[in-house]
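Per-chain residue numbering starts at 1, and chain names A, B and C are given in the order in which the chains are listed.
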């Protein structure tokens, strides 16, 4: 049983502010992903939770107890390093047993626990091998098993899947999630891959430039991004963001995109209200590729006219790249589309749309 | 495939070219090593000396085959010097090793003034050994600074004859050697310690290991090779110990602190027994080569065992 | 501009067979992808084509000429390696000029070629910058540009973008495809990422343990996988495979219980068989419908545009991919119907596909 609270957490390296005044609370047994591009401060944040780095300001508490100044060995956290940090001069058994041996656990108990963990991690056959003989995939499981065996209440993982090949990464995503259910631990997971975060986490904390951008469930951040950074970062292929301007006055506002046309949201659409609130300003209009539909050219006034530039066929789906008036957009279709490149088409939003302030990038309601 | 000369792979072509390009170096090495080696063997089989009045290649005129080598076994002064050399080696090398290791461990973490201490620590190594010898020669005079300091601390009149009593002279020489060569040990071991992957140490800490467990289980196994190298380098160097002690005691009092190098020096330049010296030199070379070969066999066996584990 | 061919190629390293009986013909101006898991021999194929390795047997033909025993330089191919390193002390422009200056081309020709490549790659504004001042994606473009400035017979690329992060990879694969179309050169591309392969390739081949298992367009390979191996490796999340018995044109399995007639399989001998259907062909509902199978939600992966649902059916797990964001809860009882019109049947022992689709 362990919750984590970060309050005003700040880390400076000289002039660089790696983490800026971050507040975050992670509930007991929750799986939270720290997500962001490289250099966003996610790894620094996790290192401060583990005690590998000490914060310049602010506090880290576990279960309400301030542990900001507790040394890293005494916090009882399990940590899986990106490069696994396996003790390659030892056998697989010795690696798994390490945490138990240093705490003076009786030999019989160690054997029992190592056997169980090896079974769980599918490493039984390899127990007597020197660790350097393992494949990357096995090293990865060993790294998780070595930390899990001491039953830490809090489990931290630093991009554990980034060295794996694509097929195995997909498999491990599912496996990690099962593991978390099984171990019943609070898990914090650092990644730059939004797909990993979306598919595994209960909640995602998205960071950029050391600042927490948004914190919420995968579906929340996907459906309602707080700013254009989150909008762009979550979802693949990424959200289309079009530079546009809101023209017209009360009751008859519309979004103008220059050469490719304009959109007039109808009254029930939340977009109408948003346009109302941001009259006569420059905005970023956001719409996900899967919320756009290809239509025959020039069929109704809700259609932006563009040209097909390229089609990617990925299994059952197609990603249709279109272009017009300097805007480039992507449309995802659930069919294997076969439109000729260069064909003029219309595109129309069919689902959720988003509006962001062009200057601040903040969401406009 | 071998029938077609065009089908050499890039790697094979590279290897072929490589052999040609290293040929001059190999020839040079053969010359540097083979010529003096053969000359020493040749001279050691005769009575030839610089006072004979004939060049060395006329040594066959006084050929005596293995008499120099037989004498070598009866030469008590030689065996005494070998024993003393080993004694010094057995004391200074472990002391330097543990001092160096302790210092290296201190220097892994950051502390204020680390750079200054670092420079100071490395200084002895940079000093010409003969100069260091003179320094200690002056320090260990019976009215020198060491005795004065000891008197000051204890309050008694201390008057130890550091350099003219056998046991004291040994201690003085060892102190000088330790002072001068601990830094090298420190440097090599520090490099070894810094080579221990930091992530593994962190991982061990996070798994609850204390300082000693981390050192014994993670750092030590990774440093084994570096430690062996450091020990071998220092053991060989100690075996050749000459300058510092020659300046301090000249092997005296009498022959009480004479090491192999000092003995060989004396035979060469005072007694001018060059053919005998050649025999000693060659015998020592053979002895050290045998030692080295044993070491290499042990190391490569360990390596093979490890690889066998990995490959099978 | 060249057609690249491999005929009956074999290569062993000691006792280990690296590639076996390879026959590939890549027509001029095609974007051809070699796809397979790590260690399947795809990089060996590239090295053979380039002349960095010699084949034990077989023939390599480039642009109609037999090149089997020619040195790499004579083959006029350009290679992009996985770790693209720029010279850090040179500007982007000098990095691009390097391969041409090496070949002692006249300076105005060099400038013209560099300008042209920079234009295609959209890196003209970056030309005067040092590599240290470029972002990861920009550096990658310059590095690719450096191998494009030459005018070789064909380009060979070995996982050129696999070191980039997901977002950049997505961008670069579109870019690469556009480039290939604009440069009008044959491009052979090695990757272990099935999504990347499907996205970029005109045609692709799938390798398994040194052999080519199937060659075709990404659509053909996805829609009609030749073997169980291909079906499993192409498509994400992977295809559902359920083991059962095939007898007299009918497939039967126990867990989950499926019974159907495989189209056009009347003269297939009885065997143990897998039925394979893709996750997007599984529909999930709360209410039972005719022919549905009772099951339980086991795991949910909400990905925004669609949701992957692992469903426990008896002892097995069936994976479904549903558009949108259905509000199923863990352990909720549901009913699934696999749409078997696009199902495939594979022989358990040989792994080959013997039928596709079902008839009532």
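In this section, contacts are C-beta pairs under 8 Å (C-beta built on N, C-alpha and C of every residue); 3 or more make two chains touch, one makes a residue touch a chain.
What you see is a predicted model; the values in this text were computed from it and never measured.
Asker: By CA centroid distance, what chain is farthest from chain A?
Answerer: Checked the centroid distances; the maximum from chain A is B.
Asker: Which chains are joined by the largest number of contacting C-beta pairs?
Answerer: The chain pair with the largest number of C-beta contacts is A-C.
Asker: How many Å are there between the centre of chain A and the centre of chain C, using C-alpha atoms for each centre?
Answerer: Computed value for the inter-centroid distance: 25 Å.
Asker: Nearest whole angstrom, what separates the Cα centre of chain A from the Cα centre of chain B?
Answerer: Computed from C-alpha means, the inter-chain centre distance equals 58 Å.
Asker: Mind checking the centre-to-centre distance between chain B and chain C? Centres are C-alpha means, answer in whole Å.
Answerer: Centres of chain B and chain C (C-alpha means) sit 59 Å apart.
Asker: Which residues of chain A touch chain B once you look at their complex with the stated criterion?
Answerer: Answer in residue numbers: 50, 52, 72-73, 77-79, 81, 83, 85-87, 89-90, 98-99, 102-103, 129-130, 132-133, 146-147, 150.
Asker: What residues of chain B sit close enough to touch chain A in their complex?
Answerer: Residues 197, 199-200, 202-210, 213, 217-218, 221-222, 306, 309-310 of chain B touch chain A in their complex.
Asker: So in the complex, which bits of chain C are touching chain A?
Answerer: Listed in rising order, the residues are 37-38, 165-167, 170, 173-174, 177-178, 192-195, 198-200, 218-219, 222-223, 233-238, 278, 280, 299, 301-306, 308, 310, 323, 325.
Asker: Chain C touches which residues of chain A in the complex?
Answerer: 37-38, 165-167, 170, 173-174, 177-178, 192-195, 198-200, 218-219, 222-223, 233-238, 288-290, 309-310, 312-316, 319, 321, 332, 334, 336
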